[in-house]
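To keep things clear, I will list the structure first and then write my remarks on it.
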């Protein structure tokens, strides 16, 4: 099979289209976002072949689909990427007639801030940024401010991500995580520089194993990753900082360039089925945006307050937004200063 | 480019010099023109354009990106990168030379020994860096072992510092020194060394006076193959250094990813490329015969 | 003695990996011995396909770039060709992300006229372009110690330029060519940044797969797979060496 694909790809796209009688769908998703049975079941039910691949960063996919000739049909951008992709005319306007399962979405995802009418995307999974910590610490980190104290013997990490570090600093100052105000950003930078000597490292997912092993006691972390760590070590807990925290969601979108739009609609609608979404959430331990699916989850998972924070907690959350170029530039400059300090 | 004038002017007697040469150069020249120069021109154009709102580029043309590159902050970053890359290169050479020499002088299984150097590198770089992180961390293998043996009471801070970054770079690029070194050392005539020893030179001075100078081209090729990628490394500083330092590679990488400022990234990388080329040019002058 | 220490340094992380590949737990804590990950590799279709893609790409890119790079190295040794030499150096000093972005832009621009898409072919082309400099450098280093008198002798004996190259130069260059090919294969097999930018729908490579997984924690079946590949290629090379000696 692979040799055939190789020959086809060398022979070029058009050839591949004429030879491939079978219906095809090309899906580009984050890792761990479908269950092992999701794709095979879809292929069987809809008599097609799905080419499913995963990517590691949102920028990678944006750079690739920007040409409008990437070959992908369905992609899963984060909420802050939906508006940019829409403005670059990369997304297909969704026909709600063909998404009969749309009403399964949780109420807050039926009119999300980044696409209030769900014209371009269907929310898929969601998570938040908080603090993963070991219960053995003397001072429970309930607020971002705790990460600026000397109570954890330099066994603290922040995410290696400028938006997240600025987000924590800005929240601590009582500002918006999406702030573009130069004065506020400057204060946030100074705050991050002050914190740096107290940190062991800036690490993203890689820190998970070190928290489990006990090297790192406190880590700024995404709820989904934290959940996996907590499943593996009983002495870990997660808090949503009192000053407020960042929320994010990944969404299914159909690309405007797609040559398989009918099948793409079927796929989106299929993912919205409560049974399908529930199987994914159960196997992958992710937080689904599908209310119908959540009802099908086992009691313990449904009530998991790390994956599904209470309304009261969520009130403190704030969605990441696409930032204008001017702000990105200031932030990048300050981020370099923090790193070089 | 060639080792001395005599070879540069060396010609085939009685044949039309150059026909074969032109044929030999053609495929590489074509590949470079199409797959390197044409794309590079696009990057040059990018560096003179303005930032698109979400990555990419747009009009108008502007020299602004280059002005931004010349900034003391970025100078500091660059200096640090050169320093770390230099240290890693030196270490690679110190570690790689004896190894290459050992393989080149081995009586049997030379190819096998050489392949053994490359073999670990067929495991993904990321996976190997994760393994190093596991070895070096506080609860890692090395610290646990030392604590069990009562050599230390507190874990040593092995990870997340400059030393760890250099270790990661040395590990990542060691074969890049060993291979070219081996390629030159293997060719050295052992009789030269015998002759030196017959003339009363100690093994050390024979090594220093005969082997090292004769393998200079391999040494320089090895240094270049290590130094250049080290300056542009970004993953090793992020993971082994715990993201607490920033190197030139991170800076460029960030412009094309999180900062989404392609024109500035293009300008910064072109300046970086010219700087590294300049350093190489100095090396070439010094050695008088480099490639 | 020293060499043993050097090999230990090179293999220490692999030893760690082999331990983890037999670990019953998914995270980096020892929870007992298990073959599970070795079994699960063979059920992980995406991982296997990515591995095959990577092997195809690395092999094709290595063969092509070693062949044309060796010729170019030989020609450059004979006579200066500053434009080519300098562009090879320039390609070597280009940060990976810049190579990736520039190739992506170039492919997209040219594909507007050619009506093709990104795919395995673009990845192979990209790999050839960045492997070439490595080949030329290694070959030139090897040629530096090559005595042109040998070629002259060949010519004096009545061979033509091509025969001399094929019968005299290539055999002497062989260790250099092998070294260059090894280097190419290694660099190509492990490249992520450039590959991920120029890969298309049907060309996910092993590094792409691993980096995507890294976001949610690398699963131990990747450790198992990495070890199997390393061991497999090791055995292959050992056998190739045996055959060659015969």
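Just a few scattered comments:
Every chain is named by a letter (A, B and C) in the order it is written, and numbering of its residues begins at 1.
Note that in this section contacts are C-beta pairs under 8 Å (C-beta built on N, C-alpha and C of every residue); 3 or more make two chains touch, one makes a residue touch a chain.
The structure displayed is predicted, hence computed values, not measured ones.
The minimum number of touch steps separating subunit B from subunit C is 1.
The chain with its CA mean position farthest from that of subunit B is A.
One finds 16 Å separating the Cα centroids of subunit B and subunit C.
Separating the centre of subunit A from that of subunit C, both taken as means of CA atoms, is a distance of 33 Å. Averaged Cα coordinates give subunit A a centre that lies 35 Å from the centre of subunit B. For subunit C, the set of residues that touch two or more other chains comprises 28, 101, 211, 214. For subunit B, residues that reach two or more other chains under the stated contact definition are 130, 134, 256-257.
Looking at subunit A, residues 60, 63, 206, 209, 213 sit in touch with two or more other chains.
The residues of subunit A lying in touch with subunit B in their complex are 57, 59-60, 62-63, 66, 84-85, 87-88, 157, 160-163, 196, 199-203, 206, 209-210, 213-215, 322, 324-325, 328-329, 331-333, 335-337, 339-340.
Within the complex formed with subunit A, the residues of subunit C that make contact are 25-29, 46, 49, 52-53, 56, 101, 104, 108, 111-112, 114-121, 196-197, 200-204, 208-209, 211-217. Contacts from subunit C toward subunit B in the complex involve residues 2-3, 6-7, 9-14, 16-17, 20, 28, 68-69, 71-72, 74-85, 87-99, 101-103, 105-106, 109, 125-126, 128-129, 132, 134, 136-138, 140-142, 144-146, 148, 151-152, 155, 160-162, 165, 175-176, 178-180, 182-183, 186, 189-190, 192, 206-207, 210-211, 214, 218, 222-223, 226-227, 229-230, 233-234, 237-238, 241. Note for the complex: subunit B touches subunit C at residues 1-3, 7-8, 10, 12-15, 18-25, 27-29, 31-32, 35-40, 42-43, 46, 95, 98-99, 102-103, 111-128, 130-132, 134-135, 141, 171, 174-176, 179-180, 182-184, 186-188, 214, 217-218, 221, 224-225, 228, 232, 248-249, 252-253, 256-257, 262, 265-266, 269, 272-273, 276-277, 280, 289, 291. The touching residues of subunit A, when paired with subunit C in their complex, are 2, 5-6, 8-10, 12-14, 26, 30-32, 51-56, 60, 63-64, 67, 69-72, 204-206, 208-209, 212-213, 224-225, 228-229, 232.
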